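Structures incoming, each one as structure tokens.
In the two complexes that follow, chain A is the common piece, with chain B as its partner first and chain C second.
Right, the complex of A and B next:
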């Protein structure tokens, strides 16, 4: 087990290097730092000195890979690649283009993101499983048929509609909770409740359908027929046998996204003005702060890979048949 | 004079591929059997019908010309740099003129008061009348009566069109075997009726919007219905072009990795795991941001506004395609690994068939169902994604008509007092219809093609 985890950890290194090279190519080779500086300072009437100063401040003036003017180790260290890309491996995210410490910002903004994402996930999964079991129980009846149609309709609505509609209905017409904003401590609840509800409703359509198909797949299997022919009731087969076995893919599906919860949801956070990592990313994209976007790409990749490893581990925990080699 | 934008050409390729696929299906009995399963399903047939209406609109919006203008000085026609499409010409009576600002659906007045001089000294705050539509009822002074009569007339028109189509389809057996036609007609009554209703909706919308702003006007007085219809092309392009871009990568690399295996497999696996590890929104955002910088710094390459917007749409599709081929590639790799071990492939190997011909003869036909299911499933997700990306300002060009841009422009209107809801409503409604039928279609396709689908329960 430990050997397996170690092996996986070694395996992620080439992937991280690949991602690193890719982002480096995207952000520094496709457009030179000069062009990015020009964009930030306004296209017209920018002098070379201004661009130089802007780059100097942010450390973009070094050469890309190899610094000829320095000697020894400095020749490699005083380059953009080392300063901006390799340092990410040490979780040194550096300073954003607007001069803030990215690492500090991320640490601060992680928790509000989690405060929305975690309750949405838990409540959402519970509700989706309940609906899915309900539809499966009434399978091949009109309940199931119309349930699936409603799910498809819910899936077909844009997430923006849920957010805009929810804000308008709950906050503006009914004045139940504030439209947007955030507070620390227990006050945060009134700001968090609407985004959580909306995220849950948005997920119902696809989630329920997905869980329903998992249950249906399980119900086709032979052991279910055996259980039924032994004379067990429909509901006891469903809850005691099918549900437990279908939990394996459900659980592992949840584990894989657990680490990504820290990243938060881009649009929900920005609509509700929650100072999480999602709105951080959006702000960075809109103000074209590439240092932050780069850091978030790297962070997202790491979290994704961590999720994959956790999934593998959780398989062995819930399903004794699986052995990791 | 015809103008071919980059996305137009790709859209023609898509249509041609679709048509040739249909021809191919008609010749291949087992494929025909599977597809007929889609059409026997009522929702499947209905969704094909609706989607083909959308496709026709998108196609007519993809045929572009340069406008001709009569030059008074030189006494001859010259071409302007303005580009309009076939759809623009069909819808000319709808979007020719625009009002000053907001007006609500079917209204005859502007949505906000203005100061109007009545006499020399007396100013009055009134809702000014709309200039072009809303006050020109064709059939009756009362609005409701007028709308009713217009719909009735459209109904008659639709009946007439359907009758003509009926004559064209059945002209051979029309007078010989009337009974046969009736039974045929009754057997397929659902699809004929749906066709009739959809056509009726289109024609009456057209007739109504000559007289009214059916979905109101936006901030600059443009007809919202026209904007929503123009956005269909963007939505469909993003849904289809992206998959066309990614398909060659996914199929080629997936089969290569699965069938050849070994060293090649390792490299391809590494590539798609790496791409897959980056959260897709962030990858798209980074790529689009870089594109924006590139376009801002090289304005000479993109002289024409249309070409610039078009190129950005094209690149957006490319980037979306680049981020979405990994999933399909992984599926195809697994499937071709499975196929490699199956007896008939092994047999052809012993007979000495080359690897290329085994791939063409045996592997590709047997993975096509996965490709079709994935393409159809991805379509609706991509249409929805466009709106979100446009909201984050990394979607299509702001000058392009798209539902995402409409929502982005209108989202502050909800906090306006009194609220302007119709722009948002229109964008969401059109998007909902397209995505809903795409989802229903993908369900039908999956049921027909997926060997594992629970046909008993669906």
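Right, the complex of A and C next:
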């Protein structure tokens, strides 16, 4: 298995280089360094001299990929691509275009993201499994049909509707929790209730249907018929046999998204004023802070690949038949 | 058998116990009873820079103007706007100099102007670790990683100290404006005015190899020729020629004092790595200090206990012999102890929190406009009954800003000095109905512009005595816009009949450079196309992002565009310079985006620029306006009106759009706030109770059904 993991880790390098190149090209095809500088220096009274100084300070005056004026390794090293993108491989995220240390900001902002994402995931999975088991228990009855219709309806509604509707009902009309905001420590709880509830409700439709189909697939299998023929009750079959065996895809499905929880949710964080990595990324895109965007894309890629590797590993842990080679 | 009943009863008790009358939606960590003397507000966009050398936007000024103190400030209550001393002991002494720096008089040629500035004694900075000394050495100026182990923010430093404000601090800050490392947006403008500024700029910019300590030493030891320290509390600035508006710059945060200790403290690499920089943690002498800077969440200003105190202004205040004679004597300002600004990017939560009383003041977004204000039968704007019942106040003021549609005067079709192009521009100016624009797109919040000069600024044409004669005429003593027939006549004179070029027979197609996206932009562009269609001109809109748009403006490749300008200071020069040829965007990289050039206008501009607000100046401005109104390089758009709302407990709310340091004047009536918030935010548990009962019934029936199903026989 170690050999397998090492092999997968080596595969990461070309993927990361590709992603980096793509992000880099997209950013610099869309905007020239001068335009980025102008955006950061403001609209009023900006001179070309200031733009030059801003670019110079951030190394944007260097050539993109190859520096003709330098010799040897410097020709590669004194380029924007090397300075801004290749250093990421050493986890040197550098400073943002507004001058802040990106690594420090990420370390600070991943916790609020996690504070929403983790409870949303746990509560969401528990509720989705409960509903899925309930529908499976009453499969092929009106309860099941009606449940599926509700799930499809829930899936069809935009997340913005849940957010605005939730804020209107729970916070504005009923005055039960703050509309938005965040605090550190235990004070965060009252701010997290609404976004977590909304995230959970938003996920019920798709989650329940997904788990329901897993359970239904499992319930058709021969061992279930055997268990039933032994005289086991419906609930016992469902909980002790079907549920346990369906846990494999459920678990692996959760493991793949675990690392991504750090990255937060773009819309939820923005609407609820949560200072997480989701809103960090959105802000960076809006202000065209290339340094932050590339760092976040890089981080996202790594976390996604780590998630995939963890999924593979978790397969071997929950299903002894699977061996990684 | 599993006994569900007792669990249900326990759950009910816990649930009901949690229901109380106390507001649960308080978005602050503090208990409602503790919300004393704290001002609550929000900000939409996180400030990028809090360094006064660099900051140049209103969302940044909202914070730094409360912390840093430039030499002068705008009188809070007086209109037209009037400058009064802030940290300066009095208004500056102004001496005119000849080419040999000898004193001269206004009737002779003036080569230089000297401002002698005296600052108040005993003004102290806020407590800050940068000032703390141990054994006569600055304790935190050589920090190592060990010392920084438990430091994440400025308040983690154990020791703090202060020191007195001196003239050196102002001189140091002016030198910082020249240092390219600080990216000050006004370094270019100051090069034009402050004598020796450019030389200093060249010197410091050649010293990029110096480490920060040597750099600070270099800045301190190298003088700007035109700036002289007279003594600890007095210094002088020499500017080239005359530039009476220079004093307004001295009231802007760019000219706030900066202690060298702050630079020395914040430039340490290991502090920068922790994002503890001058850009984020200001050091000022003002009434407040920033105690929490988390622009992704909230910014907290706390009362600066070292603040010397200030009297609340009165309309009877006068400046006699350069000194401010205040009719109040009690040093009461600031009235509040703390101000909490929360980041609120989305308009819906921001508005709702204001209505719940958790923000003391608010603007009015277009989506909330109908909920906030309504038009009376007489056409006046008034608050809706809902807001009136809450005791909310509406404050209105016309901003010292102008929004316009500009023609690129370098363009072969709409630009140039030929009468053909001028008639075309005049025809378009007549066709575009800005009254309609204000009504549709600004909810009536604006005034149609006669010229670039907005209300409240000397030389403003109010549409009564003076007005734009190219577009308007007087009928029965009221101002009427010339009709579309006149516009078509002008178009005919321009060589276009029914939208067709008389020479080529081809339809006239013009191009509008637009930025932005979304429904609002497209609605505006549709509206604009219709305006052009009135005179049979086809308008092609080219929507692009702001970067591309700026590029087009810089290269002069755009044809027609929309832009705006917010005043730096309340003087007509700050608007008319937008059409001065030496500020042409393409040729000089200036703010004249139309690249307008008119010799007569330029000549008058240079004369007007250095004058005081006299009758003669007014005449010159009138002549200048006549020239530009005839040339029509812009479609004179509108001056926006600012509407803001404040709760009944917030006192001393005045509309002063030039002053930024107004937080110190705000006063909170805590009792009213507490009572109203408690009344408005009583939690309503009805829905929760219903849901809880439904949930119990559901669980109960599910369990029953399951039990029943399991007892069923497989085959009957």
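As a convention for this text, the second predicted complex is superposed on the first by the 304 of 325 C-alpha atoms of A that agree within 3 Å, B and C clash if a C-alpha of one lies under 4 Å from a C-alpha of the other, contacts with A are read in each partner's own complex, and residues count from 1 in each chain.
Just so it is clear, a contact is a pair of C-beta atoms (placed from the backbone, for glycine too) under 8 Å apart; a residue touches a chain by one contact, two chains touch by 3 or more.
Quick caveat, the model's predicted, so the values are computed rather than measured.
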First (chain B), second (chain C), both or neither touched by A:297: first
Which of chain B and chain C A:275 touches, first, second, both or neither: second
Partner chain in contact with A:164 - chain B first, chain C second, else both or neither: both
Contacts of A:172 with chain B and chain C, given as first, second, both or neither: both
Contacts of A:181 with chain B and chain C, given as first, second, both or neither: second
Which superposed partner A:35 touches (first chain B, second chain C, both, neither): both
Contacts of A:320 with chain B and chain C, given as first, second, both or neither: neither
Interface residues of chain A shared between complexes with chain B and chain C: 31, 35, 38-39, 164, 167-168, 172, 270, 288
Interfacial residue positions of chain C with respect to chain A in the complex: 23-29, 46, 48-49, 56-57, 180-181, 183, 185-189, 205, 272-275, 277, 279-280, 294, 296-297, 342-346, 348-349, 352-353, 355-356, 358, 546-547, 550-551, 568, 589, 591, 681-688, 702, 706, 709-710
Complex interface listing, chain A residues touching chain B: 14-15, 18-19, 22-23, 26-27, 30-31, 35-36, 38-39, 43, 139-140, 144, 152-153, 155-161, 164, 167-168, 172, 213, 216-217, 220, 260, 263, 266-267, 270, 281-282, 285-286, 288, 290, 293-294, 296-297, 300-301, 304-305
Chain C partner contacts - residues on chain A that touch it in the complex: 31, 35, 38-42, 44-50, 53-54, 57, 98-101, 104-105, 109, 134, 137, 164, 167-169, 171-183, 187, 190-191, 233-235, 270-273, 275, 279-280, 283, 287-288
In the complex, chain B residues that touch chain A: 270-271, 273-275, 277-279, 281-283, 285-287, 289-290, 292-294, 296-297, 380, 384, 387-388, 391-394, 407, 411, 414-415, 419, 424, 428, 431-432, 435-436, 438-440, 443, 452, 454, 456-457
